[in-house]
Amino acid sequence: MADNTNQEHKALWGGRFEGHPERFTQEFGASLDVDKRIWEDDIVGSIAHSHMLAKQHVISEEDMEAIVAGLKRIAGSIERGEFVYDVDDEDIHMAIERALTEQIGEAGGRLHTGRSRNDQVATDMHHCARRMACSCARSLLEMRQTLIDVAEANFGVVMPGYTHLQKAQPVLLSHHLLAYYWMFSRDFKRFMDAYDAADELVLGSAALAGTTYPLDRTAVADELGFSRISENSLDAVSNRDYLLDLVYACAVTSMHLSRLCEEIVLWSSDEFGFIRLDDAYSTGSSIMPQKKNPDFAELVRGKTGRVYGDLVGLLTVMKSLPLAYDKDMQEDKEGVFDAVDTVCDCLRCTEGMVRTMHVCEDRMRAGAQGGFMAATDLADYLVGKGMPFRQAHEVVGELVLKCEKEGRTLQSLSAEELGRQAPEFGSDAPAAVDIDAIVARRNTAGGTGHEAVRKQLARARERQEDDRRSLDAIDAG
Amino acid sequence: MADNTNQEHKALWGGRFEGHPERFTQEFGASLDVDKRIWEDDIVGSIAHSHMLAKQHVISEEDMEAIVAGLKRIAGSIERGEFVYDVDDEDIHMAIERALTEQIGEAGGRLHTGRSRNDQVATDMHHCARRMACSCARSLLEMRQTLIDVAEANFGVVMPGYTHLQKAQPVLLSHHLLAYYWMFSRDFKRFMDAYDAADELVLGSAALAGTTYPLDRTAVADELGFSRISENSLDAVSNRDYLLDLVYACAVTSMHLSRLCEEIVLWSSDEFGFIRLDDAYSTGSSIMPQKKNPDFAELVRGKTGRVYGDLVGLLTVMKSLPLAYDKDMQEDKEGVFDAVDTVCDCLRCTEGMVRTMHVCEDRMRAGAQGGFMAATDLADYLVGKGMPFRQAHEVVGELVLKCEKEGRTLQSLSAEELGRQAPEFGSDAPAAVDIDAIVARRNTAGGTGHEAVRKQLARARERQEDDRRSLDAIDAG
Amino acid sequence: MADNTNQEHKALWGGRFEGHPERFTQEFGASLDVDKRIWEDDIVGSIAHSHMLAKQHVISEEDMEAIVAGLKRIAGSIERGEFVYDVDDEDIHMAIERALTEQIGEAGGRLHTGRSRNDQVATDMHHCARRMACSCARSLLEMRQTLIDVAEANFGVVMPGYTHLQKAQPVLLSHHLLAYYWMFSRDFKRFMDAYDAADELVLGSAALAGTTYPLDRTAVADELGFSRISENSLDAVSNRDYLLDLVYACAVTSMHLSRLCEEIVLWSSDEFGFIRLDDAYSTGSSIMPQKKNPDFAELVRGKTGRVYGDLVGLLTVMKSLPLAYDKDMQEDKEGVFDAVDTVCDCLRCTEGMVRTMHVCEDRMRAGAQGGFMAATDLADYLVGKGMPFRQAHEVVGELVLKCEKEGRTLQSLSAEELGRQAPEFGSDAPAAVDIDAIVARRNTAGGTGHEAVRKQLARARERQEDDRRSLDAIDAG
Amino acid sequence: MADNTNQEHKALWGGRFEGHPERFTQEFGASLDVDKRIWEDDIVGSIAHSHMLAKQHVISEEDMEAIVAGLKRIAGSIERGEFVYDVDDEDIHMAIERALTEQIGEAGGRLHTGRSRNDQVATDMHHCARRMACSCARSLLEMRQTLIDVAEANFGVVMPGYTHLQKAQPVLLSHHLLAYYWMFSRDFKRFMDAYDAADELVLGSAALAGTTYPLDRTAVADELGFSRISENSLDAVSNRDYLLDLVYACAVTSMHLSRLCEEIVLWSSDEFGFIRLDDAYSTGSSIMPQKKNPDFAELVRGKTGRVYGDLVGLLTVMKSLPLAYDKDMQEDKEGVFDAVDTVCDCLRCTEGMVRTMHVCEDRMRAGAQGGFMAATDLADYLVGKGMPFRQAHEVVGELVLKCEKEGRTLQSLSAEELGRQAPEFGSDAPAAVDIDAIVARRNTAGGTGHEAVRKQLARARERQEDDRRSLDAIDAG
């Protein structure tokens, strides 16, 4: 039995306990494997706390210096991978506190003055959440830059635009790629909002009710770079909104990635043939020698599932929890880390895929000739000649049906053939169905016309600079 | 067979079609029941579009005037409940267009110049989403006001503060209620962000590629009060982020409501007895004469499920959809409307519940005496006398165990009894466990001390004014 | 104020209440709009209950006869659409009870003897859930029959088989369609399991603790066709597992439908061109005359979202609810009805789409020639000549690369060209890459070979008969 | 650059590839960390496959013996933790294949004859899913046994029964605990159904289309203990229903656990005080010496979130995937393992909590006196004296209101006081409100009466035996 119990806890929780937790429950309750990764946030936070305690004369300068030196030694040893975790370390906070007390003795215990595990953990997670929001934002910037670069490098390439996966109207490939640019720009903003949600110091809330020590919370916020302090201690220790915001931002980004990767998979197919992925972003088959699979695009698309799951998980955890802290909330971390890591990896992978893919311009152009995509412009031509739109739509619809049955394109129809269908068709009618001309004509703001897309590119570059500057400012500190 | 097909569609879709949809598929594909509610957004949008078309000389002034007059007549008839929908009206847009053409003839068809159903529907939804975001924000303001009012009206009432649903430290009821104030304030911001996400004119994107007509998109944006125009037509017709942002804001608000309502249910129980709900917010049992059930709190808590479901639904719809518009996206509306309606109703119901509930101050105070909540302060007392915290924690833990076995409170211990446990306890020790004093001591920023809560209330009122002003500014247009 | 309160409730809930609910909360708490549809289950259940009460001498024969006659009259009036709901009818149960009492006076009240709203509603929902499970199962049988029919009608048609949406090996279209047959067969079983989960009489559990009346629960179960009675009253009134099972079955079916419809969308594209949907299952565009969109396939695919959402909704509602009945559970119905209706409609729509689609055999066969799908068999040929598989894989991979660069198919390589690559290639090598022969060779059980698929079809027909028989047996009662 | 690429893959995928994957993408695509745990399933499956290949004369007896011996050596080395993974081992299957080839040379390659990674992985997962379903079922049996044991040990203890968390009617604690017994019994059945769904051999489906080798699939099924073989190769390699069924069973079990743990948290509160958790299943606070928190119950409740998330994750992955295998499906494993591990751990933890908890019989009985729970029986008493139920309900409601205002219980009312309220109350009226008598009266099947619960316990024990026998039969093979 002795093997399965843990006398250490009695010491920590004091005289109220007569029994000991069993080994299994102790492991079940532990979170060290997961929260290990916030060690740096924990140490930085503890240093700021001890600085303030000394400044406020709650602890002595000597104690403070011993604490800070001890924490720095521990940080070094964790960084070098030399730190030895104890079997009884439930979480990273206990591990660090234990090591500190082993090193500097009683003074180590004074670090915990005026704070509790509840506000300490919450502070660490706010600190870490800001960092994670920035990582995601940085990855998004790179993805966006690549979309701009590839859009510029392929300016002028025409491809079919689709609705309902049916060919609709020809568009510039650059226009198509920039559609994703703006999606990822909205995602960037969502991560900046998540950063802002996390940017609040909760330390000083203690277990749930605040503390009796004369803490200077603003000083700690300043040292840790938080722009404001929390308003209510009960809320502060039980608030997980900032993590939800972060996971939600990940979920929407994943959704956007799933759309882009769906298209990469489609475009890599033999049927579309619009792109060839670089060998570095493809895999083969051990059985079928001809296979070159867009595995990574599929994997990114599939990983949407886990990120959606992470969001549902955290929403479920928080449902119906009474104030203030409940242990359920310990389940917040794993999903957040998973969502953030997944999205960063997926962005990196997709960025490389797009950067290195070979655009098969000829296949795109050939695709743009098919599918009768000039039909709208042909109808517009008739409208220009005075025919009501509904009638023009009907006339062109019949031309399409005829071409389809004969296996021809609209471009193959001569002026004479057109004239037989409707006398309004003149000798300039064939020009109306020229694919490049059709694209070039759509120059209202946001349209696919060459001029409009050039302006769009300029605005995208501008936005890129703005966003990069905001992020740099945060990173600078 | 004739009964089950629909020749009307052939007319609309033109010469390309030889067969007709069956009645069942037509109904399956229809969205009128759901999108009926955006009729006003549709009409306002169409008026702005026709104004601009005339200004740009795309249509004549006469046509424009006929269109606008016709649309206003239709608006009037819908408002008065007199509008007659046709069995073939697939959606509200077709219904209005059909009625317009019936009224003003050919000119009605010109309204559709330079736009498509894709950008028209998206415009209407952006317009409506802004309105919905404001409704939710307005309901939140009222909920928040009531929390402030009830917190002020009950200032000084002491209750147990909990962690793990175990009594932890006494707090002010006002502090507890204000915790929710700040949650709902964050929700307010989320709805303002959702408003901002929707605040973009997409009209002018046409089906997917922009249009050849010389549209003035900025003029339309100005008339409809949109602060910017969309940058990319492919993105514009297939973007549903702004709806996701709205549903996400609803989901987090629902989660907060579920927490508050969980507490209302707990507090209404015979065991807690902290509040008595007004009869107007309770229900009885047809079988058990004694029952007075907090049905509405439970219902609000339960409705969290549908809002979470709405979020999952829309995320699922959007996953892996290739550009640009796909019919899957028609499934966006019902969930959004449901989430918004649910949250507004739940806020209204909970606001009334909180405003009218009777606070049982005596039961709260009695509860605050129990559970040994003074233990922390008793330990702090010993630390003040020079005892290391760990040892103080141990000593007090043993006192708790002793009291628990004897069925006594810490407050019942005399100075002598305390002294027998540890010589550090002096004659002032009993004062350390006075519940009001314990609360009053926690005056660091955000703490539960009377002074700190008074400041918090002031900040809450200030925030209330700021947020009300922002919302009024939006509503004013 | 009088307008907003409801004095009726005081009467029902008796002397304990002094105030009245407001109109808004009353509407908020009402479920009539949703539970109207279980009126028939309610009436059948009440008739069985009153039969038993009379048999057990709890009520008189006369009362029973009056009750039964009254309920039948009410059923008739609901059926004919003549039943008038009262503004105070919270739910269908109250509406029927009120109407009954209006009709037959005091005896109507005796119907409620020995039962409570909690077990009454649960009984109705079990009864209705069985019916819904059967509807879904019936729709699945029809979908499956159509898959068999289309597989048989197109036996011998060869198409490319894909992994990673890359052409992998040629398969029979029949084999491909039958893959969905087996998915939907598993769904059928899931609905039969959901039926079984619902097939339990809970009446007699009363509010939560059972009742003091000498009820004969088995007699009621027999009359209502339930195969067993519930074992524990607390569980019985708060169990929603059988509804979860039903929604889960819907969710998996939706997922399968989303896969089939994804393929229908792909196959309808200009690039694949494998099928042409019937005009009855396509829609056009009011702008683009050439468009013929697979709208219905997209809509079915999109509706997966709402069904997933319904599942998440109900799981969320049930999380953390203490025993026994809590009002949260009233939120169970809408999601279940929505999931069941959606799945039945989607099955019907997809069944029609598949039944009427035109298979473009030539495009499928042409597609099967491309993509180097014979590569595996070519490598197997070399292995047959004694070459180790890894080396054969390498040799064929190089052939593929060469062909790809030269824009040729493997079938276009002459025996000489092959021989130059590897001396093991003999004059019979070209025969190894014949597409029909490749398909025909795969005749292990479950493979795509003609013989294997013929056997599979036979087993599918057999399973169809078995499942139809089971369902008929249930429907027969 | 050399550091970041991987030449190994070229060898495996053969001549078609000119470039190499980068290190990052290779790691991104790897699944070894996750699928390591199915090593045993992989080895057992490979042994069965090689036995069959030899029996069918596809490989020689010598090769088979070398393969089997090699695989067993590898199994031993993995079991002893001595197996060395290579940096290029993408997954466990590649790791084992590589090691085998290193050991026995060319014969190792022949193991892969007639199978592909797609059907190999699917076979391993089916094999493993059966095992996981049994583990969960076994854990459920233990949980259920403990519920029976605790119900028996505390037979006769009376507690309040709740609806809406309001005291409703008194019940036996045993009855309350057995409610969970039946929930977990339904879960058991769900895991048995998930077992059955997994119990199908898919090997022989090869990459997607079956194979040309004369495999004996039934022989492999027999050796691996699968009760049937899959019917369609395309379905077989892309079916993940059996994993969904498993995760769904986990999700419902988690929901049930969250309900039980919610009650454990409530009952452990100072306000309820119905149970005291064993010290081994409680934790303290490093700050508050009095705290004894039901951390483990909260943690179990919180872990519902991750299991729901796992279900949503897998449903999302599978949505809209075209046939046959797509790489997205690699994302199936982690969520399933997480759900299964979580549920097994949670069951173990909760089982221990329930087994060791101290029941505070006095607090339960005291609670049962409060809340006017005798009101229903008092009304029934009046009905027995001939008063219509609605009137009786009204009379008792007024008594409740009176008692509530005076702070009394119904049990404290004398016969005289009752008589003043209604003349029907006789001298036997006080007996009607005796708590034990109220419980004892509810003896219809499934009710809380002592006799009914005794029968229920007998049926629970019987079911326990049946289920244990079924599971033993499966485990026996």
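By letter and in written order, the chains are A, B, C and D; residue numbering begins at 1 in each of them.
Criterion: contacts are C-beta pairs under 8 Å (C-beta built on N, C-alpha and C of every residue); 3 or more make two chains touch, one makes a residue touch a chain.
If you're wondering where the values come from, they're calculated on a predicted model, not measured in any experiment.
Q: To reach chain D from chain A by way of touching chains, what is the minimum number of steps?
A: 1
Q: Is the number of contacting C-beta pairs greater for A-B or for A-C?
A: A-B
Q: Please tell me the distance, in whole Å, between the geometric centres of chain A and chain C computed from their C-alpha atoms.
A: Distance between chain centres: 34 Å.
Q: How many angstrom lie between the centres of chain A and chain B, each centre taken as the mean Cα position?
A: 24
Q: Enumerate the residues of chain C that touch no fewer than two other chains.
A: Residue numbers touching two or more other chains: 13-18, 112, 163-165, 168-169, 206-207, 266, 284-293, 295, 298, 301, 304, 308, 311-312, 315-316, 319-320, 326-327, 376, 393-394, 396-397, 399-400.
Q: How is the touch graph of the chains shaped: line, ring, star, complete or other?
A: Contact pattern: complete, every chain touching every other.
Q: Show me the residue ranges of chain C that touch chain A in the complex, using the header's touch definition.
A: 160, 163-169, 265-266, 268-272, 284-295, 298, 312, 315-316, 319-320, 367, 370-373, 375-376, 378-379, 393-394, 396-397, 399-400
Q: Taking the complex as given, what residues does chain C use to touch chain D?
A: For this pair, the touching residues of chain C are 11, 13-18, 106, 109-110, 112-113, 118, 161-165, 168-171, 175-176, 178-183, 186, 190, 193, 197, 204-215, 217-218, 229-239, 241, 244-245, 248, 251-252, 255, 258-259, 261-263, 266, 301, 304, 308, 311-312, 315-316, 318-327, 376-377, 380, 388-390, 393-401, 439, 441-449, 452, 456, 459-460.
Q: Can you check the complex and tell me which residues of chain C touch chain B?
A: 5, 9, 12-22, 24-25, 28-29, 112, 116-117, 206-207, 278-293, 295-296, 298-299, 301-306, 308-317, 326-331, 334-335, 345, 348-349, 352
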